[in-house]
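Each chain gets a letter, A, B, C and D, in the order it is written, and its residues are counted from 1.
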Amino acid sequence: MSEPFLSIRDLGRAFGGLKAVDGVSADIARGELVGLIGPNGAGKTTLFNLISGFTPPSSGEVHFKGRRIDGLKPDEIARAGIGRTFQNLRIFPNMSVFDNVSVGAIGAERIGMLSAFTGRRGVSERISQRGLAALQAVKLIDDAEELAANISYGKRKYLEIARALAMQPDLLILDEPAAGLNETETKALADFIASLHADGMTIILVEHDMKLVMSICRRIIVLASGRKIADGTPAEVKADPAVLEAYLGGDDA
Amino acid sequence: MSVSDPGRGRSLLWTALLLIVVFAVVPALLASAGRSYLYQVANLIMIFSLLSVSMHLVTGVAGLLQLGHAAFYGVGAYCAALLATHFKLSIGITLPAAGLAAGLVAFLVALPTMRLVSIYFAVATLGIGQMLYVVMLNWVPVTKGPNGILLFGGLQFLGFDLSKPAPAYFFVATVVSVSIYVLHRLSHSYYGNALRALREDDQCADAMGIDTARLKLESFTVSGFFAGVAGALWAHTAGYISPADFNFNVSILILSMVVLGGLGSLPGAIVGAVLLIGLPELLREFKAGDYRNIIIGLVLFGAILFLPKGLIGETSALDLVRRQFGRGRSIPGHEGGVGWK
Amino acid sequence: MDYYLQQLVIGLSLGMVYALVAIGFTLIFGVLNVVNFAHGEIYTIGAFAGLLLFTSFAPPLAAVILIVLAVGALAGVGLERLAFRPFRRFTDEASLKSRAMREATLMSSLALSIVAREAIELIFGSQFQAVPFKLLLNNPIKLGPVTIVDGDLVILGTSALMLFALQYVLKHTRVGLSIRAVSNNALGARYVGIDTNRTIAWTFAVGSAMGAVAGILVGLYYGAIFPAMGFSPGIKAFVAMVMGGLSSIPGAVVCAMIIGVSEALSTIFVASVWQDLVAYAFLIVTLIFFPRGIFGGVRERV
Amino acid sequence: MLNRRSLLSLGAGALALSVSSAAFAQQPTYKIGYQLPLTGNTAQYGVDFKNAAEIALDRFAKANKPFKVEIVFEDSRSDAKEGVAIARKFADDKAIVGVLGDFTSGVSMASAQVYKEAGMPQLSQTASHPDYAKISEWQFRNITTQAQEGPLNAEWMYALGYRKVAVIAEQTDWGQTVVSNFADKFKALGGQVVFSEFFNRGLADFRPILTKIGRERPDAIYTGFFYEDGAQFLKQAKQLGLATPIHSTSAAYNQQLITLAGGDSEGMKLTATFLPTNPAANVQEFVAAWKAKTGQAEPGQFPAQAYDAVNIMLAALERAHAAGNVTRKSLRDQLAATKDFPGVTGNTTFDANREPAKQLVRAQVKGGAFVAVQN
């Protein structure tokens, strides 16, 4: 048991002269719920994109379940077991809620064209089951037939998570899931994420809402200007002077 | 599965109705009218239905704007015509060969262009379509260039002569029905959902583990295959083909059919074909003369303006899952927890 | 050597014709992200309007160009009103440039282009119109070993003038400023009090006026004015725009020149019937190496 | 516009006439189908044919014949799929005993498949594809084939002393025959074809090709184009200062060529079967009727071919009627029996392959008009 679950080693990415992510290293164990915070422009989303393969890293390595995944295409990384959501809510608006969720299962099952002709058995049945299970988990089963564009904003947030869950990922990356939600909704979301975690899901959570992160994460990583400046329990992070300075400085900038 | 399952019942009903219309009602009407002209129009409508439904897979479902579909139709037609004239092969062989040839060409041209997105992909298909057209027009030793190819021998299948209007109709109807059924299954399945995801947001589909490049390649190839099949049908039923039948305007005509019926809707693509082939002929009957094409343009414009979702909106793959479990029923073996631990 | 030089010059003048059409086309795309399939018909309308003016009133060329500009602008505004505005139900960024909007306007402009072309054909017939010879811009000018015509100079001058005028309008006038604003961020433009609808109408007016002038100039250049004249340059302009990276007008102009030159030079090596193949192969190869066009990286939109 | 409207009313008038006469039921009315492009990119040709056909029909109606004829015009847009549908439509209409058209070989041949199967005589005024008449015994045409015109031009140009010739024609079935028939004969005579290429119809810019031709320094250029491409070719040749003599075929023979190309067409030589300046009574009658009906200048080669095609059809119909048996079959046989029909494009006789043999004359553009020349 030498290999950690997810291992980020000295990961870096520069855009032109700007180092968006600069030598970040972190290990995450199976079953952890890690919060990733930092001021605007700290490189949180870039780090996510580096892990999920949307942006190729300029330096460093990412290992997942003992396999090196940096340099792989996003869909390969997804199939390796990393599911993600997007900061700016990217559902498939012209598809029904169920069809949205089915896509996650479809990707994980790697279906081919022939599956369209095998009828109700085999892979299609597994996809249906996974999809419905994910919808039930986020309590959207009653909206299954609704067009995704027609459901409320809050429900769309859950829909996006359900779609990632239908992949049955080993690691779930949530990019600001609470953005745009009111306090009650945020609370419900926090409970939901906590329950996912309790069920054994490994989660990395990027969030602006400190309260949310502090309330459910036992470990928090803080980024500032592309560098990791703190990594520890909520209490440790809160007490860290570097974090305070980053946030205050960030406000000025 | 019980008969009371509404989704399955309804879809069976529709299929049965359609089959009755195509194989009984229309032929009966045609036979009673006794006009080979109407058979010709019916065949043309079916061939173009297949073209528009095959484009629907790429443009409507997978969301890749295709501006060169007629070229694959042409590749199929030329393949069939060449095999029929040089090797005296009947449509039993030329039809699949035409499909494979067009599919292969589609695959080859798709390989380098699959990386392209949105309008860049569209203009690449336009360029490829034009290139293939230029080849058909100018590769005189093989395609006979502008001379076109004359197919003697009519429509022979398994030793039967199907050249007369009614047998030809049934042959075309059978091939087109089977092809459209295959395309229907593809678009109306989880595979189709993967294509839709590609249309809606290809990056996001990537994040779901969907191999978007492979999907693009596959859908483009399949679409090319069926366009090629349509080409073989045209070559054998018309008896003479020339490059003019496969130029850019034909691609635009097929695209108009797909959009008119409602992007993403397979029945819509068929309705679009019926309208855009049928309407000009109908106007001919009414002696609309010179105003024919203006009327078609206005109808197209009106349809887009007043029916933003097309004549028939997009259908969902949901009745598939309804069929599998029935709505509102609990999922077998599922206790409310999550199954991804 | 003279032979290659002559072919190069012909290619450049061919490219200039495509560029002239591409400028207006790209301007409209840059702002709305929509393909205006009717741009070719605006070009045709410009040519016919100019020809009618010449044959009925015989005004000087400059006057005709001014009137054709106006006709084109009017036609553009009408086109926008009929084929584009009805599909703009909301004026936020997302729906302005949404896929649904793009698809609908692509088809609506295509439908209108069919109506326009058929109407012109019904009125004038589909044949070449007789253009009075003294108007033709095809008087040869010898430049050492190569021959050009006066029309080349007129088209070059007009293209340059259009580019500079456009830059001036975009950078130094209120209308231009709002066009740039809407192009960059429609929603933001709205917040700062810019009337999006009016700005888009202005864009169509400017782009179509340029298309119409291109029509009459090229019509006089070749002496070929007929209802389907907009088709071929329209496609080439479209290709040039995409090769150039969609929203870069200088990029489209450069690529139009590249297409023209590659067409002319290809005839050196292969039969001229293959020149379209060469041009399109060039397009595909370009896209393979530059999936977002040659000048696609440029952020500045118009 | 005016033109078309008057045309329409004329057609309606003719229709009303035939209907009212049918009411008397004394004279039988035979129907002829005419498929041709009345809209689309080639509409100008179809409209010319329609005018020519109506002149022929009008003349026939005034001649007090023992039967009436009605022509049903259908617009094919030069589109094969529409052409085939029209062919089916004509074949279905039992009253239609013969068909004229279509304009392009492609549409004519696609339609010919239907006529072959249905047993309908088809007479095209312009289908030039070498295989057109070979489709079946039902296909006829009234066009000078290049098998005849090409060698004639080759001999003419060789006799003028040209030894190095460039050949260029449009990339159509017809253009292919223009080049091959001419080149074969010219080489056989001992001449040299130094350049041979095709262009796509509607090409805007001929200068790259012209420059290429210029480099070969040929003694003359032999061209196969219709008048619109021809006008562009001639204008741009002049622009580039190419002074090489240009020869062409009867297809370029249209007053519009001179209208469009003006002085740049001066000196071009071509062969034709029809000259509006021909003093023969039937030619002058046609030219006068054409000017009166269309308000245009003299008719060109194609309208003349259409006019003759209609008249050949009517004459065959008349013979069939006289024999007391008008069917598609009898009309076909009468068409096949056409011998020395005196038309405006010369005398027409169909050979065993249903191909016409025509008398070609030499012409040249001089002073803004086509005039007959000896060499």
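Simple rule for what comes next: contacts are C-beta pairs under 8 Å (C-beta built on N, C-alpha and C of every residue); 3 or more make two chains touch, one makes a residue touch a chain.
Every value quoted in this text rests on a predicted model; they were computed, and no experiment measured them.
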- Item | Fewest hops from subunit C to subunit D - one hop per pair of touching chains | 1
- In terms of C-beta pairs in contact, which two chains are most connected? A-B
- Item | Most central chain, judged by mean C-alpha position against the global CA mean | B
- Between subunit B and subunit C, tell me the centre distance in angstrom, where each centre is the average of that chain's C-alpha atoms. 33
- Please compute the C-alpha centroid of subunit A, do the same for subunit C, then give the distance between them in whole Å. 46
- State, to the nearest whole Å, the distance from the C-alpha centre of subunit B to the C-alpha centre of subunit D. 38
- Query: If you look at subunit A, which of its residues touch at least two other chains?
  - Reply: none
- Quick one: which residues in subunit B touch 2 or more of the other chains? 137-138, 290, 293
- Send over the residues of subunit D in touch with two or more other chains. 4, 39-40, 171, 198, 200
- Message: Judged by the touch rule stated earlier, which pairs of chains are there in contact?
- Response: A-B, B-C, B-D, C-D
- Inside the complex, what are the residues of subunit A that reach subunit B? 52, 54, 73-75, 78-79, 83-84, 86, 90, 92-96, 98-99, 102-108, 110-113, 115-117, 120, 123-125, 127-134, 136-137, 144-145, 163-165, 167-169, 196, 199-201
- Note on the structure: Listed in rising order, subunit C residues that touch subunit D in their complex are 3, 6-7, 10-11, 14, 17, 118, 121-123, 125-128, 130-131, 133, 136, 138-140, 142, 147, 149, 222-224, 226, 228, 232-233, 263-264, 267-268, 271-273, 275-276
- Which residues of subunit B touch subunit C in their complex? 63, 65, 112-113, 115-117, 119-120, 123-124, 126-128, 130-131, 134-135, 137-138, 248, 252, 255-256, 259-260, 263, 290-291, 293-294, 296-298, 300-301, 304-305, 308
- Note on the structure: Residue set of subunit B touching subunit D in the complex reads 34-41, 44, 137-138, 140, 145-148, 150, 154, 163, 234, 238-242, 244-245, 280-281, 284, 289-290, 292-293
- Message: Using the touch definition from the top, list the residues of subunit C that touch subunit B in their complex.
- Response: 35, 82-83, 86-87, 99-100, 103-104, 106-108, 110-115, 118-119, 122, 235, 238-239, 242, 246, 271, 273-274, 276-277, 280-281, 283-284, 287-288, 291-293
